[in-house]
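Notes follow once the structure below has been shown.
By letter and in written order, the chains are A, B, C and D; residue numbering begins at 1 in each of them.
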Amino acid sequence: MWSGVLPAVTSKFKEDGSLDHDEMTRCFGLQMDAGCDGLIVCGSLGEGPMMTLDERIAVMRTAKAVSGGKPVLMTVAAASTRESCEIAQRAATAGADGLMVVPSLVYQTNDAETVATLRAVAEAGDLPIMIYSNKIAYRVDVTPALMEELASDKRFVAIKESSDDIRRTTEIFNRLGDRYAVLTGVDNLAYEALAVGAVGWVAGLVCAFPKETVAIYRLMKEGRNAEALALYRWFRSLLDLDVSTYLVQNIKLAEALAIGSNERVRAPRQPLSGETRKRVESIIRAAMEVRPALPAFG
Amino acid sequence: MWSGVLPAVTSKFKEDGSLDHDEMTRCFGLQMDAGCDGLIVCGSLGEGPMMTLDERIAVMRTAKAVSGGKPVLMTVAAASTRESCEIAQRAATAGADGLMVVPSLVYQTNDAETVATLRAVAEAGDLPIMIYSNKIAYRVDVTPALMEELASDKRFVAIKESSDDIRRTTEIFNRLGDRYAVLTGVDNLAYEALAVGAVGWVAGLVCAFPKETVAIYRLMKEGRNAEALALYRWFRSLLDLDVSTYLVQNIKLAEALAIGSNERVRAPRQPLSGETRKRVESIIRAAMEVRPALPAFG
Amino acid sequence: MWSGVLPAVTSKFKEDGSLDHDEMTRCFGLQMDAGCDGLIVCGSLGEGPMMTLDERIAVMRTAKAVSGGKPVLMTVAAASTRESCEIAQRAATAGADGLMVVPSLVYQTNDAETVATLRAVAEAGDLPIMIYSNKIAYRVDVTPALMEELASDKRFVAIKESSDDIRRTTEIFNRLGDRYAVLTGVDNLAYEALAVGAVGWVAGLVCAFPKETVAIYRLMKEGRNAEALALYRWFRSLLDLDVSTYLVQNIKLAEALAIGSNERVRAPRQPLSGETRKRVESIIRAAMEVRPALPAFG
Amino acid sequence: MWSGVLPAVTSKFKEDGSLDHDEMTRCFGLQMDAGCDGLIVCGSLGEGPMMTLDERIAVMRTAKAVSGGKPVLMTVAAASTRESCEIAQRAATAGADGLMVVPSLVYQTNDAETVATLRAVAEAGDLPIMIYSNKIAYRVDVTPALMEELASDKRFVAIKESSDDIRRTTEIFNRLGDRYAVLTGVDNLAYEALAVGAVGWVAGLVCAFPKETVAIYRLMKEGRNAEALALYRWFRSLLDLDVSTYLVQNIKLAEALAIGSNERVRAPRQPLSGETRKRVESIIRAAMEVRPALPAFG
């Protein structure tokens, strides 16, 4: 159902802190122009938890207007199941094509609670769901065993695999075959994940470097692994910026430098400053200086 | 300003999931009867993140009606600074005596962001603040260095020390003397913390065992350490239930058995079940069977 | 210099606890028959730290007698630098082709100490060295920066990459190009490591399943990744046994079942027993029941 | 049997790297003069694993010559059980009063292996044993359950509690009453451990500051907790140097500054240098500048 490169897009703000839909239209459009296969809005990278529900729905509508029929997924990540269900319902009504669902943003659910929450969200939204498994960020592990338990409900169609352990991808295939579309959610494990069978990449640095991200995916799909690996090695210093507490600020700085966007974030986040900003900026500039020409692909 | 035993009270729900103010009035009253020195509402234990802001304010008002003039603190714990400030403002307007503030519930703020957030909440609420330092639960460490940076604002009056490392208490005294009231926030480190100079205990199992909690604190204050230690050793198997992902469910089960309350929680939480419930119940029953008579104290 | 499949062989003991050279000759021979590219003796898997230096040298000689001219590496892993140098010297004199070197088995060296120790061992043995980088087991990280510092000494020729983080392999290539032969030391990350450019596999389960291990390596070398991946997926439940505190016992049990060897280990290790043994045995038997026919390769 | 302050003494080396028995005689003597209750030789702090067995025995004899009849314990910490037993036997023959035993220095024993190893060492040495429980350094946790299993053998008389979690002390008392003498092995948790009932302190900074260490212990024993706590707060910046990968170098630098000894260590250790040395030296000097007068005690 879902495969290829799915950007987890950043949200854009005006100087007064309100949503900047024009800039989102421009930036989301760059993703689609580069050949991305859909858009995921209001995730961690999209600062969803810092927005009201009305704002999240507005971002989703902007994405839909740009996506040219390709799927737009709303992120469901809230403290309470009640709030998660509300997001799911509102997103469905407003035309989302699917949901990317975190069991709980605050409480660490046990296995039974994880399953119950995911099922409640599926009931509430009645949309196809990508299960977001990220035991590092959320301290809840949606394990292959839980994926198997959820498999009887056809609305659960995909896994965003962000365990930070590349072994997990093979474990999912060994347990569940191709029941789920497995997409990697960790930028600097993407080549490895695609090499062992992942069908897609929920990407972060793609926001600033959409063509390179798409090229790696497409080259691998065509069996041109050596070319993809060369590109990935170049890309790695940038991809590492996605695996950081400060991924939002890192990627917005990359967007500022690579696609002329801005670094505005919502509090408590602040833009990078001082030595950290210098270090990240120099990583980005160094990579851009040796930015490789992209090979042609199908 | 704040010292002694401050219960972080649980919230009570009716069968239909709505707030049960009668039961809260009863349970909060047991705390005050036992000699507690105030109440803290809508923390982790109070399931604050699972409630609307209106509900949190209602719980706070119920606590105020029971506290007999002793301080009632509202917990400020939200994803965005905007929402944190809104809670602070509403709580102040509604009559809270102080705030217990977590820098951010979701994002891991860096030092500058931590300070900025705490200052923004102080501005918004203009109430005395207990800084909640809990690097384990929130992955943000409000260090003694940050406490020092915040010290120039007199609204920051207390620290809830929940680093899970008893060494930290002495580090705060060594750096800041008695600038802050240091209260321990970890039930099964409470004796140790009071032994090295903490002036209070933000307590959890107190919800089910208020008299024993108060007795340990008062005995130590009177220099009767051996008696306090004997009581603490008895209490330890119960206090351990506070240091758990399932502390809310654990403590509500203890309340059900010890003070006749109920175990209702809000999703995604579910009451304990199966082997886990049996194990916790047997710990509670075993402790209650050998519940010691309390010595008289001043 | 070194590439392909290099088994980290187990040592074999008689019932009285002494070395069983006949059984080692037989088992090491199975490795060479299957097409392995050398042998590494007296590592963790070889229980080197449980043997006297004389015993280690004897095991090395037995390996040399079997290896048919392919390289035999002695593991250098001791508490003190003095002892490490003694092992290196004795191994060189006795005919070892190279050394696999752990900076320190007990103390966690800082960067300067790590470099100094590795250089001291190189001086003492004057043999080609594979640097064993395993921050999990030894809590010392031989980082790419340290590899760069050591690069001026031509005796450091290879890296056994066992950081447990597949990202590290690409980091080494990005920093050092092909200065070092990079071999993966983690069985259940081997496909991924070879996919991103590792030239060899210091293998564990190879002791029990030499042909399958060699087949995966050779197929990938021939660009037949899909066939290799299918084999690797089958192999994964076994390869996981290498990433365990009990890897020696796990692999010896696999050897007992797959190549008719025995499970004897030296104290404090004991053979697996009880539920653990049942679980591991059932993993091994389950895999052997669906053992795939191997495709022909060059 | 054992209680009070037991220094884990450092070993002293001449410029040529050989043992400096004269300096050990002097330094061990300072410990006894200050009122320490015994000596423990060849532990981590004593660089035991960097010495030959003959050297360890020689250090033990030097300690015996100085201890004036107070107990001298030999540390048993080796990779193999065979080697552990050899140390125990040799130490017993040479006149050690007891053994401090680590289950295994390299391999992480499971519960059955931990018990078997400790029993084997008890058989071999037939001396009273202090079980060294340090799950941080050795990744083997000798839990209260295992202590209970070992309790039937009267040779196991004491616990060196170094779990880094102060809760453990109370857990031992709650499970085993006073079956074992519980001594804390973590300098900067010592006040807390003694406050909850530990009967002794296996100390590190005592090497450089014997009188202050003894004063804290004795004052607490006399119920003069406030005086002890004031001293402990002063001492904390120094005691923190014991909880470090570089504890040997830290404490030897403290000995150089406070008792005129030297910083020589055995490779792979090197003395502190650069910024680290400056930082540690300034901590030591700052504490010495405000070194308090010690109160008189019994």
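Throughout what follows, contacts are C-beta pairs under 8 Å (C-beta built on N, C-alpha and C of every residue); 3 or more make two chains touch, one makes a residue touch a chain.
The shown structure was predicted, so the numbers you read here are calculated from the model rather than taken from an experiment.
Within the contact network of the assembly, the step distance from subunit B to subunit C comes to 2. The chain pair with the larger count of C-beta pairs in contact, out of C-D and A-C, is C-D.
Farthest chain from subunit D (centres taken as the mean of C-alpha atoms): A. The angle needed to superpose subunit A on subunit B by their Cα atoms is 180 degrees, rounded to the nearest 5. Although subunit B and subunit D carry the same sequence, what matters here is overlap: shared residue numbers make up over half of all numbers found at their interface. Distance between subunit A and subunit C, defined via averaged C-alpha coordinates, is recorded as 38 Å.
Contacts with at least two other chains are made by no residue of subunit A.
Each chain pair that touches appears in this list: A-B, A-C, B-D, C-D. Against subunit C, the residues of subunit D that register as touching in their complex are 49-50, 79-82, 103-110, 112-114, 116-117, 120, 245-246, 266-270, 273. Per the touch definition, subunit B reaches subunit D in the complex via residues 166-167, 170-171, 173-174, 188-189, 191-192, 195-197, 225, 229, 232-233, 236-237, 240.
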